[in-house]
């Protein structure tokens, strides 16, 4: 991170003023993302052939499938980070949980939209109640609920604790929903649709693989930035405490006597 | 009696307690031995309520050390809760339950028996007509007395009373004083805050003044050395 | 722990008896939902008949939400939440007690609604054993998950809008399973009702364990 030093007016001691969350790591990731995105666009739109059945709409899958895959990864990250926070109670895990949840929510949204756009020409409709779509939609709402809880004002520790329990429950909940919806729709064979032709090969496979990689790099880049923002928010609360302590002591009525106690 | 019972009921050193982000206690030092009746006085906003809640393990100590009845509550605030009794501004009574049901519930929750609860009700003059009245329909003073009955039914080792005389009539205040004396004579320790200074000082064995989240020693009681100026008295703020 | 659970459940049910919110408000609300569905879905076209199980469980689900909200509204009297933390009650026992009280209220509601459905929608009951098992498993699941998420949001001012948002996606599988199993019990469904009942039971067990494990952590405010 980019850091400069400046004295705070209140306490008079130096503390680092962070001016940006970028670093050499994010610069590398960012450049890779840009190159990768351009490469993917070229491969996806121009180089790889249109599918026999789906024709050009298959090109959307080079984005859609990786997005959905990384979405599951993001939700997993959030759950694991929440569990680790409950074990260790350090800020880093809390920041990771909120960062991955936010990115996950964006990914779910993107996944649903890209899926719907793909679905229109392929199935003729924007939405079908098949297992995957339905459980993804529910997962979306769960993530939104998690993010809503995160906005809880007030005690930061209480907020972290409640969010951690909710975050931890994301994976089991999603699994239960997925299993039951799968079971439900699986018994009504008519609605299941094959998304991908089983025999993709050659440049289509390469493009898909590239899609995974690019999506992963972009997510990593987003995650690092968002994590740092969350982490800095936590740090600024702690700095605030020192300044507030000084204020509190200075405000006390000096005629009440000499203070006994103070910072140890 | 358990071996090596810790002699001090309360030991706080540099305790900092936050309310949201505000440091309600800014580094409190306080030692209370068992059997003492300590009065906490100070202006509004000094942190008296927060101090009492912290001693109950309800407000987390984020800096400094805090031992209550021998338990380190900075690391495990839950350890001491069953052994203390807090009478706060809010009575903690279920609105739809009667006086009897409330006191019995809280007594049983703490491991006491219905007989203990009934004894407490009788002691607080609540075993007559009032016993069957729903808590929502009691007057403020009656609710206070019910909360007091719930407290004594639990027989806590450390009593934490936040302005116990407030809202009570003369008889009620005499009751509080009597109960405090009885508790102490059976081994409990009492820490309470009050604005009723005359009555409170008569009851207390020691008076502690709190202001700005810190314990203050009254200027007149200091040693003959020249008193430091208020600026340095605030201490190193770093 | 079980003694604490019994104590808390008895307390909640006693409050319910005194205040009669469940009987006086929840049950009419649920019946109203059934009636409104009849308005929306035109009883003459046979939709109501085919959709009976689903509508019944939707009504139960929303009433369950009310029951959970009420369970925690009771605890939000001034000073009560702190008194609970101070009380020495085992958090797992407290969870079980609260969930048990919700189960009792919901079962009463389901019986009344069941009568309502038979009368209003002309449903006929084919497989009573499956129906009872389904109701029990689903109810325990709703109560356990509801109590866990209820306490999660309990201290918050936005509790009333947050609990539905958190709880309903989680209960979607319960709605699914209960409806499919009930349809089988009513002779309408194509699925194996007992498998769905098994899913409901698994959900109930999982959430009971989760609730017992996490309730203590969530009760702490600071």
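For reference, chains read A, B and C in written order, and residue numbers begin at 1 within each chain.
In the analysis below, a residue touches a chain if its C-beta (ideal position, glycine included) is under 8 Å from a C-beta of that chain, and two chains touch if they have at least 3 such contacts.
It should be emphasised that the depicted structure is a prediction, and the values quoted were computed from it without experimental measurement.
Asker: In graph terms, nodes being chains and edges touches, is this line, ring, star, complete or other?
Answerer: complete
Asker: Based on mean C-alpha positions, I'd like to know which chain lies farthest from subunit A.
Answerer: Ranked by distance of C-alpha centres from subunit A, the top chain is B.
Asker: Specify the chain pair with the maximum number of C-beta contact pairs.
Answerer: Top of the contact-pair ranking: A-B.
Asker: Could you grab the centroid distance between subunit A and subunit C? Build each centroid from C-alpha atoms only and quote it in angstrom.
Answerer: Spacing between the chain centres: roughly 32 Å.
Asker: Using mean C-alpha positions as chain centres, tell me how far subunit B is from subunit C in Å, no decimals.
Answerer: Each chain reduced to its C-alpha mean, subunit B and subunit C end up 39 Å apart.
Asker: Suppose each chain is reduced to the average of its Cα coordinates; what separation in Å results between subunit A and subunit B?
Answerer: 46
Asker: Residues of subunit B that touch two or more other chains: which are they?
Answerer: Within subunit B, the residues that touch at least two other chains are 18, 60.
Asker: On subunit A, where are the residues touching two or more other chains?
Answerer: 155, 157
Asker: So which bits of subunit C are touching at least two other chains?
Answerer: 220, 222
Asker: Which subunit C residues qualify as touching subunit A in the complex?
Answerer: Counting only subunit C, the residues touching subunit A are 152-153, 155-156, 158, 162, 165-166, 168-170, 172-173, 176-177, 180, 190-191, 195, 199, 203, 206, 210, 214, 217-218, 220-222.
Asker: Flag every residue of subunit A that touches subunit C in the complex, lowest number first.
Answerer: It is residues 86, 138, 141-142, 144-145, 148-149, 152, 155, 157-158, 161-162, 165-166, 169, 172-173, 176-177, 179-181, 183-184, 187 of subunit A that touch subunit C.
Asker: Going by the contact rule set out above, which residues of subunit C touch subunit B in the complex?
Answerer: On the subunit C side, the touching residues are 4, 7, 11, 14-15, 18-19, 74, 77-80, 82-89, 220, 222.
Asker: Could you pull out which subunit A residues touch subunit B in their complex?
Answerer: Listed in rising order, the residues are 11, 13, 154-157, 237, 240-241, 244-246, 248-264.
Asker: Residue numbers of subunit B touching subunit A in their complex, please.
Answerer: Residues in contact with subunit A: 13-14, 16, 18, 20-23, 26-30, 42-43, 60, 62-65, 209, 211-219, 221-222, 227-228, 230, 233-238.
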